[in-house]
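Per-chain residue numbering starts at 1, and chain names A, B, C, D, E and F are given in the order in which the chains are listed.
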Amino acid sequence: MSRKPEKLIDKKGLRLDGRKPDELRPIKIEAGALSNADGSAYIEQGKNKILAAVYGPKEVHPKHLALQDRMVIRCRYHMAPFSVQERKSPAPSRREIELSKVIRESLEPSIFLEYYPRTIIDVFIEVLQADGGTRCASITAASIALADAGIPMRDLVVACAAGKVDDTIVLDLMDTEDKMGTADVPLALMPNLKALTLLQMDGILTSKEFESAVNLALEGCKKIYTLQKEALRTKYVNMKEVEE
Amino acid sequence: MSSVITRVKQKQIAQLVAKGKRLDGRGLMDYREIKVEQGVIERAEGSARVLLGRTEVVAGIKIETGEPFSDTPNAGVLTVNAELVPLASPVFEPGPPDENSIELARIVDRGIRESKAIDVEKLCIEPGKKVFIIFIDVYVLNHDGNLIDASALAAMAALLNTKMFNYEIEEGEMKIKSGYTPLPIKRRPITVTFAKINDVLVVDPWLEEEQVMDARLSLAIDDEGDICAAQKGGGGYFTPEQVLEAVKIAKEKAGERRKNLDW
Amino acid sequence: MSRKPEKLIDKKGLRLDGRKPDELRPIKIEAGALSNADGSAYIEQGKNKILAAVYGPKEVHPKHLALQDRMVIRCRYHMAPFSVQERKSPAPSRREIELSKVIRESLEPSIFLEYYPRTIIDVFIEVLQADGGTRCASITAASIALADAGIPMRDLVVACAAGKVDDTIVLDLMDTEDKMGTADVPLALMPNLKALTLLQMDGILTSKEFESAVNLALEGCKKIYTLQKEALRTKYVNMKEVEE
Amino acid sequence: MSSVITRVKQKQIAQLVAKGKRLDGRGLMDYREIKVEQGVIERAEGSARVLLGRTEVVAGIKIETGEPFSDTPNAGVLTVNAELVPLASPVFEPGPPDENSIELARIVDRGIRESKAIDVEKLCIEPGKKVFIIFIDVYVLNHDGNLIDASALAAMAALLNTKMFNYEIEEGEMKIKSGYTPLPIKRRPITVTFAKINDVLVVDPWLEEEQVMDARLSLAIDDEGDICAAQKGGGGYFTPEQVLEAVKIAKEKAGERRKNLDW
Amino acid sequence: MSRKPEKLIDKKGLRLDGRKPDELRPIKIEAGALSNADGSAYIEQGKNKILAAVYGPKEVHPKHLALQDRMVIRCRYHMAPFSVQERKSPAPSRREIELSKVIRESLEPSIFLEYYPRTIIDVFIEVLQADGGTRCASITAASIALADAGIPMRDLVVACAAGKVDDTIVLDLMDTEDKMGTADVPLALMPNLKALTLLQMDGILTSKEFESAVNLALEGCKKIYTLQKEALRTKYVNMKEVEE
Amino acid sequence: MSSVITRVKQKQIAQLVAKGKRLDGRGLMDYREIKVEQGVIERAEGSARVLLGRTEVVAGIKIETGEPFSDTPNAGVLTVNAELVPLASPVFEPGPPDENSIELARIVDRGIRESKAIDVEKLCIEPGKKVFIIFIDVYVLNHDGNLIDASALAAMAALLNTKMFNYEIEEGEMKIKSGYTPLPIKRRPITVTFAKINDVLVVDPWLEEEQVMDARLSLAIDDEGDICAAQKGGGGYFTPEQVLEAVKIAKEKAGERRKNLDW
């Protein structure tokens, strides 16, 4: 149904939704959004609406999956059937299976896995509405959910993409930019450690452009990192108030 | 955060119910607070989020075109799917639908289908060849009991929120026109679920009550107060008198809800 | 292929197969129809032809499915590919999965589950030919199979449907009545305890009609209950004769 | 009611066979009693129930129309499926077909297909576009050994019982006419199965003999006494001489059966 | 795409690829073709290209599959998607499942199963290119892989088919002969024991023709047996040379 | 033949890398010996076998015709599938593709798709109705590390080896003509994979290094030296500086390979 717009960047250098190239979409984060999970978070980034929940650490079943010296992280990234333009079958697609893996591997470096040997943590992510950049927003939310669950962590993981659209390097691509643009570089960062825990790329970039995109995405990550910490502080403050 | 409650608490719940009380302070025939929010998923043709106490369900509607069933060539197709997504409860596991999610989907489906809530004949584009297919996806996000009522409510609210694009047939080809039309809704069934605890009926059981209950009875009531679907669940039983009592109460409860929702 | 007949009830008040509204279809029940199962039964109700078999109580595999204080009941309701008009795929349909659950839950209240903790009973039902009301006939047969297997039970479970066809409340709907009628109320009963262990409804009924349908179905159950007991007696007598 | 027999009994069976005897009193080359009942499932286009001793198998035939395979555009399609339904034996489990049920289906299929039992060219409605698809569903209801012979017999008896509706092609459309015609059957293969126990051949092994046997050999014999399918099974072996002896006996046994059945 | 040739045997009595009726296709066998497997073999027979690998004996998981008095053999025969004319789905077909079973049962009689109780051996067969007779070539290769893995064996198993093509009994049918011919009789042999461990037949043969086909296939087996032993000797000699 | 190496060896590998050395004698930025053999599967439209040290991968190309995706009606379809067949490693198990084989397939796919290696518009037969579908099947036969580079290389070599039949459209029907044409290849991406061990980058990790590495980074480089796909893997991380260093080295390594292969 969607048709390619002629220009993704207008004469004033603004994008389809009026953003400047280095501007993030509006972001809303809520820590502790679900009552059953041990930790949870809800994120809206543009039209993306994503829930993340953490269960654990808990015993491993079946037992032979347990590791003697560290805990095991499982991760499931899943899209609701109504989250995208054409209804998505609820069975996991190959894309969802790959993203579950790279999201898990982007969260693992942040967790002190050796603190709880022979246990398991489940990270469940449900994309209720998708508008480009869901893997990054999922990582941002999942990391908050892990913190909300009290999992001991080196740092939060925050993720953001940059890419190339109509010859311009832009931040935080939305769906149309992702599909019609030239390249997309999603990455995840532990800001205190300057550690990239996710890095993927689609499209074609010169090494110079690649470097610019990485740097711009890192800037985006730092801004979102502030929002992550705020969300956790807000929940903590609210809890204190309730307790008092 | 265990999902299995202690025997002590089980006894407590059962004893309270015998005295006409409930652990969370409600009367036996009181529902928890209900919030219904429509249009929460802009990408979907229709959607709604229901909070029933701490139970949270989102329903989304997607519409596609496809072939009708051969025995109903003039009728659109209705498909209900329910996902007990694992972030909603420690007892839900990833994987293909299990008997619980299939039963849930089929109860929601029956309430809508049997009450003839949607005028499916109006969803026919070309008899025997092309009709609209309505996908109702029920997504349970937090499980705190009585998923049936919350899901049935979310599904119906999402249908009432649904907009279809306009079209016309030009030389055998479907052409999309500007503007949107609501779905042809004829009835608004409301489902009321009872639990039998210690031989006493309560409505809207929450999670801990479900773990204690002997059996469950769900009744879908349409706009005229008629019964349009019923389902007993759980490994216990009801007496015929309990069933008839439940029917009477369900009609009342559905009437109240209908008034509140302005349905 | 089937076309809707204009009338489901004729001027004389008789149904398509000549039955009166409150009349059951011809029923034939045989206890112990299969030699390998621990208990079994075969039922013909109208054109329905159904086998039920019970295996157990036996050890639970895998062990973590066992319950410390009671036995576990598993139930599989399955239709043969040739049992219906259009060939049915042998893979279990959503309908079969739901019916397996409600049938299991209709049998459970009749069994003294606490007598054999940490064990399991399998109830297998195969519909060889279907003509409406298979879930009820399956319950009727499965309960005999449980008794035939020597499982300690509070009472037999017997099931029958009533419904509404052409403005008349009728008993024991056959396939055409089920499909073309207004409503169908299948229920299961433990007669001695006046306990309803299955109750479902499709269609639209006023509460008065619903009450009539329930009462008519209860009458049907009582008649079939007699046949159930006869079937068990017949097998018992035959066994005695063989032994003597 | 264990499905695994004791070692003592195993030895007993093996020793008896060495003396030319069998535990159930049969001679080495005797079949158990065979009952064939056709038309047991009225809903199916054809059906048959076979009792081979206590082994019980029902086969049902359903006919649909569909596309032919691209390499045989003028031929109807034959599909054999076998279900080892769990009520038939404590060792059968619910779930998708395992290697045993697939092997069983493929042996039955080969006997029918390779003997050209059905004139598949007569099942073509419109070359390359529309043909009849014959579904043969073999349903094992009680397993007491030698499922292959019982299933092959049930399948063939069901095919012989099958009635197809009449039709004519009018302006490219298939129109159903009144009346029925039997399937175009050309041959009636009969399958004979041997077990090798203690280096001796026996026919029609029952369950306890199957648990003792080294290997199994099934031979399908057509109306002319020719061999139209063979399958060795089990983790043992046959000598070439044993195979040729089995061929000779199978022809005899198939001939006797054919006479009894009037095939 | 393939069209049936008018004659499968020409006036001189030669087959489509110029072979005489009792002639094998060119065969190349290599023992130890893969470095990770405990034993392996590669076979080319005509255009067939097949790899077999053996892992084990090893512990059984899950444990309840273990047998107290003997080892368990598992076997998977699998065709690469590009091995046949029309791309084959990588999911196992019914044909592949049946062949996995008969191949396993053709290898079992050759192994001293009782030597390693409570263990398991995996035999993996991958058909990279198929041209008729893959089950036989697979058995031939798998038996070498078992020997290469040091599994104690009564004898090698060697397999070959014979069949009937245009009224002639021929050896080692290639794909076109298999599809267009009258009958195909694949068999497997332990030559020292004169033991047939595989025997199947498709098509129609009189008992005389059947006997001729069996005898011709046995001759083929004996020739391939020599090549099997050579392949093992070659690997053994090469290893010795490397060691020295 | 265990697939898990000892802790002692792990330490040894890590310590050596810190000194700029590797257990198998290679320099940190040296590849193992690479052999590429094309046309190994005559039945496939194209094929190649790659040996990267002892890692062995075969890729086969099959071409079918089918419908295009609705959003790209003028483009042929590209499908990459990877099988970690169980004979290649004791840690590979039979069954449907797991996350590792899916990730491998998707990395290979991205390198080819994003570099626009194939001119998919030239694979359109009839816009919106019929296009060529290119199946790339990557078959891992022996796993000794760095499956990504070996698979990407095998896939590209197989594509370069592929011949399509000629055809013409006559009155709306596709007619096959004699002769073959190569695929419309526009670019030849080359993938270079790094492992981070003990905070040091090495290229082309073999199996034992992969068991020690913290993380993995794969970069696909096209004919112009541009980056056309990237994928970090493993439960560790890279610094931004390490990533940019890897980009520089990957361009060099891809350039060398391109020269050797004459691509």
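Convention: a residue touches a chain if its C-beta (ideal position, glycine included) is under 8 Å from a C-beta of that chain, and two chains touch if they have at least 3 such contacts.
All values derive from a computational prediction rather than experimental measurement.
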| item | value |
| --- | --- |
| Those chains which touch chain F and also touch chain A | none |
| Separation of mean Cα positions, chain F and chain D [Å, integer] | 48 |
| CA centroid of chain B to CA centroid of chain E, Å | 58 |
| Separation of mean Cα positions, chain D and chain C [Å, integer] | 32 |
| Residues of chain B whose C-beta touches two or more other chains | 97 |
| Numbers and ranges of chain E residues touching at least 2 other chains | none |
| Graph class of chain-chain contacts, one of line, ring, star, complete, other | ring |
| Order of the ring members, counted from chain E so that chain F is second | E, F, A, B, C, D |
| In the complex with chain E, residue positions of chain D that touch it | 97, 99, 102-103, 105-106, 110, 114-116, 215, 217, 222, 225-240, 243-244, 247-248, 251 |
| Of all residues in chain C, those that touch chain D in their complex | 34-38, 40, 47, 49, 51-53, 55, 76, 78, 80-87, 90-91, 122, 124-126, 128-131 |
| Complex contact set, residues of chain F against chain E | 1, 3, 41-44, 47, 54, 56, 58, 60-62, 64, 81, 83, 85-90, 94, 96-97, 135, 137, 139, 141-144 |
| Residues of chain E touching chain D in the complex | 94-95, 97-98, 100-102, 105, 108-109, 185, 190, 193-207, 210-211, 214-215, 218 |
